[in-house]
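The following pair of complexes shares a single chain, subunit A, combined with subunit B in the former and subunit C in the latter.
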Partner chain A sequence: MKTKSHKQEQFQPSKMSLSELTPYLFIFPVLLLLVMLVVYPLSYGVYISFFDTDLGKNWSFAGFRNYLVIFTQDNFLKNIWVTFKFAFLVVAGHFVIGILLGLALNQKKRGTTVFRTILVLPWLFPDVVIALIFKWLANPMYGLFNSFLLEHGLIEKQISWLGSTQWAFAVVVLVCIWKGYPMVLVNVLAALQSVSSDILEAARVDGANAVQLLFRIILPAIKPVLATTVILDVVWWFKHYTIVELLTSGGPNSVTSIVSIGIYKEAFQYFKFGRAAAMAVVVFVICYLISKVFRKVLSDDE
Partner chain B sequence: MKKKLLSILLSASMAATLLTGCGGGQPAESQGSDAAEENTAEDDSQNAGSAETSGDTAEAGDTASSDEEITLRIMSSIQTEGEASLESAMAEQYMADHPNIKIEYIAVANNDLNAQIITLNSSDDLPDAFYMNTAFMPQAKSMGIVIDPTEYLGDDFLNSMDPSIIEYASTDGQLMVVPWFMVPIALIYRADWMGETDYDTIETMEDFRNVGKAFTNGTDRWGFALVGLQNGSGEARFSQYVKAFGVDEIYQDDSGAWVSDLTEDKYRTALQTFVDLDLVDGIVPPGATETGYPEAVTYFANEQAGMIISGSNALGAIVSQNPELDGKLASVPIPSQDRHVTNLQVSGYSITTACEHPQEMADFLKYMADKENAITFAAETGRMPVASDALEDEMFDTPAYQGFVDCIQYALPYPTYSGYSEVQDIMGESYNSMLSGVSIDDAMAQVESRINTLLAETTE
Partner chain C sequence: MNKKRSGMINNVLTYGACLIGSIFVLVPVLWMVSTSLKTEPETFAIPPRWIPETVTLDSYRAMWVDYPFLYYFRNSIIVTLAAVAISVSISCLTGYGVTRFRFKGKESFLGFVLLTQMFPSVMLLVPYYKVLNTYGLNNTLIGLGLVYISFTVPFCSWMMVGYFKTVPLELDEAAIIDGCSRWQAFTRITLPIVIPGVSSSAIYAFVTCWNEYMFANLLMADEKLKTVSVGIAELNGYYKIMWNDLMASSVVASIPLVIGFIFLQKYFIGGLTAGAVKS
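Let's look at the complex of A and B:
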């Protein structure tokens, strides 16, 4: 209480000099932006989740009914499970490929700049373009995949890559790995360049091999960057929508039905905005918890 | 000190920029949507004469004076499609004839249209009119965002079309759409391939299946381009298929309660025979569950499929992809198991409650639907006129259009149930899951569970 009143005494704009006001003036635009673009939409989303509404003239208070409904229906829980699997595999793929390529491109050899540019390209393409390209590549009748495999006798008849429950999820995950690994690559590459060569040299002198160097020196050294990257990547892909919607629309038989597709359907196909908002709030909480867990697990406290 | 002054000026200018960017207060006529592309179909020759070209003009008691500048903002999905230039040309001609009218199109992809309208409604920024998707009509009625334009259209216009068209364009007695064109659903087939079969025409589901088998060689030619993707397009086609088996997906019983045939044996039979076209009869190209409308049309246009259930607009799409097919196509009403059926898919623009000049808007929409414009539009797009005299034009007296004209008599009323899109999704899930290997028992159990939950929510 003492501290609070002390702070209140401190912040009295009318008594502050220009130099004291300057930091607040700098903060104000960003604060305003945050309130308008983050705080208000989030709060409004939570508010909607307590209503049955079409966002027009029909608003009826529903209390926690929307939350009860989504947790008692199989579809939402199934979608959440699919999303966890999807996000885990995609992020794991990003990190394996991103770290390996980052290590390879961190060497001072001729041509690395060219490869850096080429390997970052998937990140620069819009999601829609990538989804449509892969949709046609995987098309059972015209797609390059089937054409190549048939020509080389590796398959006997066309495979419906995006239309079979056996393949669709794997193909969607692979496409999303291809799209997203450059983000990890760029971050890892930047972090690797900050690892001291003296430490690496000292470890080599002590007899460390390449694997020990990677797991004992390099990865711990870039752990803060990896921690931030994994949080961003998990949250990003947990709420991903575009590529999956365009490739499979959540099918076949809901094997690729991630939660964002369910939310979109609930809102803009069934027009149940309250229920969709409740689902979105749950996803927000999950993403927040994921972030907290990763921060805890990957913290440098030890 | 200079640095401090500079920093203060910078921060002040940043804040001012923010406030300016977020400021409202502009007149509605100049506002657009961030996600939408706004086009002005304005002709250079605006000073041309102002002759009335819209045919019969309705009671124009509240029409604005001819020299009042009027801007009509129309949200159009046509503007994102191949027919954009045709629509714009009509607007340009109308503006040339009515120099005080300015028509602005806001182009929004059809898949995003409903979401855009809902968003704009929540921010009180509805356009003057928007392209109405049939499935959105009950929701739009519930939201109260559309006016009934009957009084602005006049009897001559409304009497010029079959009453079933007006019924399709209405929800619970309110005319929701100014009918512009219709896209009835029928079966398109390769007339030139029929010589290879024992059939002259396709009347029943049995004929349909047998012709499909005769068309199929199993390597590069299949009988039927089935849209098995679980989306609105696939569901709309499947809906007509099951209706031919006597299924009514959702309707009100004598007591007024909403009930469904989806749990009945006739739906089970329809569903099983539909997926059997692929799984048993083998008359469907590989990858049915990922085949959407564009892929199906491409298979047909590339002569890899011989039949497709579609709206009349597919005729234009097929011939534009493969002009050699012109004259080789024919159509029949959806084959009958229990009955012939169709969805007329009457389309057009709805005038919103935000429109300050409904008379002028209605006049323009009538102009778009007049005989000459409608026939020109149909010739290019396959979207058929709504006016009866336009339908008598010789272009519709061809094998390609015959089925679409014939099927109009079999039109069933479009369900007015506000959750109809969810009912369609339930059906979509059932065929998509079965095409993916789920058994009929499991698929039907899922259908029963979802439809009963939905009906119970409706009752609440």
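Let's look at the complex of A and C:
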């Protein structure tokens, strides 16, 4: 980076005479679109959060009342809590599986290319498709899960996986782990390319065992990539909607009611648009804080 | 001796992990394919059978004839391709502009792009609903396309900046000394080199748009304007869910992504990583 900007300095002066405007012309389309399609709607969302409105003719200023209401209702707080649990478990699952499989695939043994293609598949299937495959697998009457477990005597009678407060949350988390680990896997594989085999060999000669190699050398070496990945992954799953909506719609008894589903219902089922907008603002702040905290914790010694 | 044994343990662990992982991935996928080839009675057979006794392609016919999937696919293809083309091409411009020039506000611009990547999409739900309504774009493919562009532009720009960084500045310099204009240097010299980056941003954008459900479901009320994701999810809402038809449409909806990925994965795995490591 340093050396590059240095080169630019040498290279630049002759070019600047062409037109000072050129660089701005290159970035203009993205800038314009981001302002139009992201900044404007986001600011408008913040604006809506201060009103009691049906988005039509009725707009009555509410000040901070929407925020007050959502924080005193235990609904929203419960949703946030469920979302934290959900995002934590899902991301932890992604990292355990992603790192393990990444280490395995990185060995470039025979057949790993085939395994790599298979193991990345879940990332490619649409959320809707994944949700419905698992809903079908978990079907209490005709589903493969119950039939398999019954046949092997692991359960006594059919279980309604998605309809019981005992199982629904776990099933939803497992499905989301299944969908999302390939992203971590791909990033880990990429990062592992940068771990030099000389260092590993040297450590091995010095008598390091596999566990020491992993925790003392490999993981620290890929930490910067893991840090970026963990932030994106947490924020990504914190706001997730589709899979959970199609599997359980937040039920049964709200055990899977993550915050996106709560916002959607508040807006388009109860038509409390101001309140929904306020919830969205709170989620944004939480996502922002999460990324700040992770950046701080993970980048201390870079 | 000891080395041989640890090598064997390593082999067992490696292949064991890959094998178990693959089983967990393939069982649901194969079950989807198996269900899609069944007749209605066999779909609801107890206990379920892996290999149907009568294999039929009826569900694959029904999705085009009995359900409006022709429209759904047309809409998904139009919206996705338009959004991918627009976001990837303007991201290339940004990548070039940011890496080849020194200008006021560059750092703040990059910070701004990064920030727009972090907001939760659910935050846009209510405002987009209202804004698109105001401009009469609710329930139109253009409106949905705009929403998708807003999802893909930040990440694609970020990736393309990472790619253009890897191309030495001397190349442009040489081209311009040889008489190329700035634009020619971009299109003829630099852009061809970052084609792997272009294809991995394109895959990323394609997957994001093709798979999107929440906004498509909210914004597209007209039956003929719905996308594939919404169409499939709707089959799940019927009183009696025809799982064989549903799984057939799921297979067809997933095929473009899987085939595209298998062809482009060489670029993609290398490509995504260039962006990831650089950032």
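The rule is short, and it goes like this: the second predicted complex is superposed on the first by the 280 of 302 C-alpha atoms of A that agree within 3 Å, B and C clash if a C-alpha of one lies under 4 Å from a C-alpha of the other, contacts with A are read in each partner's own complex, and residues count from 1 in each chain.
To be clear about the criterion, contacts are C-beta pairs under 8 Å (C-beta built on N, C-alpha and C of every residue); 3 or more make two chains touch, one makes a residue touch a chain.
Everything numeric here is computed off the predicted structure, so don't read it as measured data.
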Three-chain arrangement built on subunit A, subunit B and subunit C clash or fit: clash
Touched partner set for A:T242, first subunit B, second subunit C, both or neither: second
First (subunit B), second (subunit C), both or neither touched by A:V129: second
First (subunit B), second (subunit C), both or neither touched by A:K296: neither
Subunit B versus subunit C, judged by how many residues of subunit A each one touches: C
Touching partner for A:T165 - first (subunit B), second (subunit C), both, neither: first
Partner chain in contact with A:T22 - subunit B first, subunit C second, else both or neither: both
Contacts of A:A190 with subunit B and subunit C, given as first, second, both or neither: second
Touching partner for A:L33 - first (subunit B), second (subunit C), both, neither: both
Which of subunit B and subunit C A:H152 touches, first, second, both or neither: neither
Steric overlap of subunit B with subunit C in the superposed model, located at which of 26-34, 134-142 or 188-196: 26-34
Doubly contacted residues of subunit A, that is, touched by subunit B and again by subunit C: 18, 22, 25-26, 29, 33, 55, 139, 141, 267-268, 273
Residues on subunit A engaged by subunit C in the complex (per definition of touch): 4-5, 7-9, 11-12, 15, 18, 22-27, 29-31, 33-34, 37-42, 44-45, 48, 55, 97, 100-101, 104-105, 107, 109, 111-112, 115-130, 132-137, 139, 141-144, 147, 151, 178, 186-187, 189-191, 193-194, 225, 228-229, 235, 238-239, 241-242, 245-246, 259-260, 263-264, 267-268, 273, 276-277, 280-281, 283-284, 287-288, 291
Residue ranges of subunit C in contact with subunit A within the complex: 10-11, 13-15, 17-18, 21-22, 24-29, 31-32, 35, 43-48, 90-91, 93-94, 96-98, 100-103, 106, 109, 112-113, 116, 118-131, 133, 146-147, 149-150, 153-154, 157, 165, 169-170, 173, 176, 182, 207, 210-211, 213-214, 218, 228-230, 232-233, 236, 243, 246-247, 250, 253-254, 257-258, 261-262, 265, 269, 272-273, 276-277, 279
Interfacial residue positions of subunit A with respect to subunit B in the complex: 18-19, 22, 25-26, 28-29, 32-33, 36, 54-58, 73, 139-141, 157-165, 248-255, 265, 267-271, 273
Residues of subunit B defined as touching subunit A within the complex: 4, 7-8, 11-12, 14-15, 18, 22, 114-115, 118-119, 121-122, 139, 142-145, 228-232, 285-291, 295, 299, 304, 418-419, 421-422, 425, 429, 432-433, 435-438, 453
